[in-house]
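For clarity, chains are labelled A, B and C in written order, and residue numbers in each chain start from 1.
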Amino acid sequence: MSKVYVAGVGLTKIDEHWWMSLEYLMTEASLKALDDAGISRVDSIYIGSMLSPILQEQSHLGTLLAEELGLSGIPAIGVEAASASGAAAVYAGAREIESGRANAVLVVGVDKMSDGMAEEVTAAMMSGERQEYVGFIGATFYSINALIYSLYMDRYNVGQEKIALFPVLCHEHAVNIPHAQYPFKIKLETVLNSPYISEPLRRFETTAIADGAAALVLVNEETAKKLDTPKTELIIEASTDYLTPFQREDPLWFPAIQLATSKALSRAKLERRDVKILELYDATSIMAIVSLESSGFAERGKAWQLLEKGELGLSGALPCNTFGGLKARGHPAGATPAYQIAELHLQLTHRAGKNQVDSAKTGLAQSLGGVASTAFASILREV
Amino acid sequence: MVRINSAVIVGYGGYVPRYRIRSEEIARIWGRDKSELPVEEKSVAGLDEDTVTMAVEAARIAIKRAGVPPSKIGAVHVGTESKPYAVKPSGTIVAEAIGAVPSVTAADFEFACKAGTEALQFITSLVDAGRIEYGLAIGADTAQGRPGDALEFTAACGAAAFIIGRDKNEGVAEIEAWTSYVTDTPDFWRREYEHYPHHTARFTGDPAYFHHIVNSVKNLLENDGYTLNDIDYAVFHQPNARFPLVAAKLLGIDLEKTKPGLITGYIGNTYAASSLLGLVKVLDQAKSGQRILLASFGSGAGSDSYIIRVLEGIEVKRSLAPTLDKFIERKTYIDYAIYARHRKKILM
Amino acid sequence: MFRIKVPRYWRHKDFRYRLNAWKCNHCGETHFFQPLICRKCRSREFSRVTLPESGKLLAYTVVRSPPEGFEAQSPYIIGFIELEDGTRILGQLTDCYPEELKQGMRVEATLRRIREDEEDKIIAYCYKFRPAI
C-alpha cells in the first residue's frame, strides 16, 4: 500500500461565472493543479459533481475532462456523493494510488449552480435527499436544517445569537482570500436581521448560488520524491448514515462524521488533539455546530463556547475554516470538498498568505453529503 | 314509489374548510348594498383543498362512525359539479385514499346541487338490491362563484359523506323511502371550458327550486303514506337562508322543523353538499325514532326527497367523530384578495 | 417547468394517501417504501401496516425559498411529527398559520393536493398534517 501525497492544487475563483461554462471551469482548475504539481500527464482522472446532470444536463464528466485536457485515452470517471462529490473523487483517486495501480491521479470537484434559476437549484439540491419522501412534500435542504436548528436550540437552550457567530467567523477569514466569493466581514446583527430562508434559519446562515472548480494532483511516494513542489500526505476515510436525518435515532448527532473522523485519525495514528487546523462543512451554521460536537471537538450543546472564546479564530487553539469556509469562501455544491482539501494543502505548504497558521502541521477537512448522510474525513499533514 | 327493503346509514360525516369570507366583504368589492345579503358568510377552500380532498375528509369521518373496514365498501360515488378533472373520476382517488380499492365501483355523478343525493340514491339501491355490503355516497363541491355576480355571495365549499349498509343494528338512521321529480328546466348551467356557470335569476325560484321541491315532497308523502305530523325535521337544499323557509311554508311544514338543519347562513351554499350537510347537522342532534324529510334540488332540474328515520345507534356513533359544528366553529376570516388567490380567480 | 412522472407518483400512493408502510418483524423499524432488507437490523421479514393518523408536532419550519413546483404554495410549513406508534415522519402542515403552532400540539393526517404538473396538469395528492379537531 502506497502513501498518498497531494502534489499540486488548482482553484478557480468562486462566483456566478456567467461567461464561463462547466467545461471551462473544470479545465481551468485542472490545468492549474497540473502546473502546480509540475507534471503534464496523469494515469487517471476522477471528477465529482452533484448538479451537472440536472442543471447542465451533462454527465460523463470524466471522459469530457480527459478530452478537454488532451488526455483522451486514460481512464476518467465521474463520481457522485451529493454535496460531497468532490471528496468522493479524492477518495477514489486516493484508493487507486494506495492500491499501487496509479502513480499520479487528477481529482476534481466542479459545480455550476448559476445556470439554474433559484427554484430549480433548490429542487436540484434535494437530489441528495430521499426524493420520493422528503423531496416530494416540498421540503428543502434548508428546511431540514431549520428543523434540526429548532430542535437543537430547544434541547440545549442555546440562543440563535450564539450559533450565528459561525458565519461571522467565516467572513472574517475570507477577507484576504483571492478565490473567495464574499471576501468581506459581516456583523452578527446583519446575520440576525437577515430574512428567514426557513425559520429559524436566516439567509446569512446559509450559502449562496456559486460556481467553482477545484482540482488536486495525487501522487504515490515514488512520484512524490521526483517532484520539486511542496507536498502534503493525505489520508481520507468515509462513512455513511441514513439519507434522511429524521429517520436516525437522533437528528442532532452526525454519526457519519464521528466514524469517518475516527477512522482517519486511527489510520493516521493520531489523536483528535493532534489536529491543529480544521475545515468544517458549514452549509448552514447549525451543521457546523453539530459537526464540531459529533467529531468530538466540543461537548454536545457547547460548541458555541469555542466560537465565543475565539478558539476557532486564526490565533485560537483550533483555527477553523481559515479561508472562509462554505459561507464566505463559497459553496459550489459538489466542488466544495475539493476546495476544502486544497485549502488545507495551501495552509500546510505555507501558501495561505495573510491567513497563514504556521504552527499547524496536521489538518482535518470534513466534507458532507446531505445533512451528514455521507461524511468524508481528510487528514493532511506536512511532510 | 319504490319500496326500500333495507338501507341504513351506518356512518355519516360532514366537512367544511376553515376559511370564511363575509358577504359584507364581497359587497364592498362590488359596491353592492349591504342591507339584503343572502348569507352572512361562506366557507372557502384552502389552497391545497379541492372536491376530492374534502370528500376524503368527510368520508374518513363517516368511516370512523361506521366502524366498517374500508375494504368492505363496494361502491364509492361522488356527486359534484366541481370535479378536479373533467375526465378522471374523483371517486377513484377517494376510494384509494380510504382503502376501498380494488373491489369497488366508482364514478362521479353530476346533477348540479343534487348530485350528492343522486349518489345517495344509487348507493342505497346497490345496497338494497344486495349487490354490495356497504356503499359510500358523497356530495362535495368547491362551487365556482362568478366575480361580481349574485351567486358569488353564496357559492361555497364543503362535503358530506354517508356509508350505507343493510343491517339495522349497525345503523344510525334508516332510509325508509325516496323519490325523484325531474324535468328539463334550464335554470342554471355551465358549458365545457367555461369557468363559471350561468343562471336565470328569478327564474331559478318558482319554476325551478320551488316547483321541483314541492312536487317531489308531495309525491313522496302521498305515495309512501306519510303525513306532515310524521316529520320531525325538514332539511332542504339551501342556496340561501330564505328559500328553505319559503319551501317549508309552501308545504305547510312548521318553520321550527326546518331551522335546525339550516346552516347556509354561516357556511354558504355548498352545492352538492348543501342539503346533505343539513342532514349531517340534524343527525348530530336528532333522537332515536325521529323522522327527517330531506329534499335536495339540482338545477337542470330536479329534486330528490327522502324520509329518514333515526335509529338507536345514533347516540353512540355520533360521539365517535367530530360533529359538523366543530368544523363550522373552526373559522378564520379572509379578505377578498386572499379569497381570490384561494379560489384561483387571478389569471396567471 | 415542473413535471410529475406519473409512474413514480402512482407507485407510492399507498404511502402518500393512506400512510401504508412496512414494519420490520424483528426490530420494528418503519420503512415507508417496500423494503427488501431492514436498514437497521438487516432482517428480511416485514409486515404491512397502516400508520396511525394522529401524532404530535416535534418541530416545524416555514419554507420561504421554495423548490420548483412549489412556488404558488409558498410560504408553506414543514413539520416533523411523531405519530402515536412512535414513527417519526416529515410532512407539510396545513389549515394553520405558523403563529398557531406549538411544539407538542396534537396533529392529524389528512389528504391534500401537494403539487401539480405545469404542463399536463396532473394533480398529485399526499398526506399533510393539520391541527387536531
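By our rule, contacts are C-beta pairs under 8 Å (C-beta built on N, C-alpha and C of every residue); 3 or more make two chains touch, one makes a residue touch a chain.
No experiment lies behind these values; they were computed from the predicted model shown.
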Legend entry - Arrangement of touching chains [line / ring / star / complete / other]: line
Legend entry - Most centrally placed chain - per-chain CA mean versus overall CA mean: C
Legend entry - Centroid spacing, where centroids are CA-atom means, of subunit B and subunit C in whole angstrom: 30
Legend entry - Separation of subunit A from subunit B, taking each centre as the mean of its C-alpha atoms, in whole Å: 59
Legend entry - Set of subunit B residues in contact with two or more other chains: none
Inset, instruction - Enumerate the residues of subunit C that touch no fewer than two other chains. - result: 73, 92, 114, 128
Legend entry - subunit C contact footprint on subunit A (complex, rising order): 117-120, 122-123, 126, 132-140, 142-143, 146-147, 150-151, 154, 195-201, 242, 244, 246-247, 251
Legend entry - subunit B residues touching subunit C - in the complex, by the definition given at the top: 17-18, 46-50, 52-53, 56-57, 60, 84-85, 93, 96-99, 322, 326-327, 330, 332
Inset, instruction - Report the residues of subunit C in contact with subunit B in the complex, numbered from low to high. - result: 13, 17-18, 50, 72-73, 92, 94-95, 97, 110-114, 123, 125, 128, 133
Inset, instruction - Could you pull out which subunit C residues touch subunit A in their complex? - result: 8, 12, 16, 32-33, 39, 58-71, 73, 76, 78, 80, 88-92, 98, 103, 114-115, 124, 126, 128
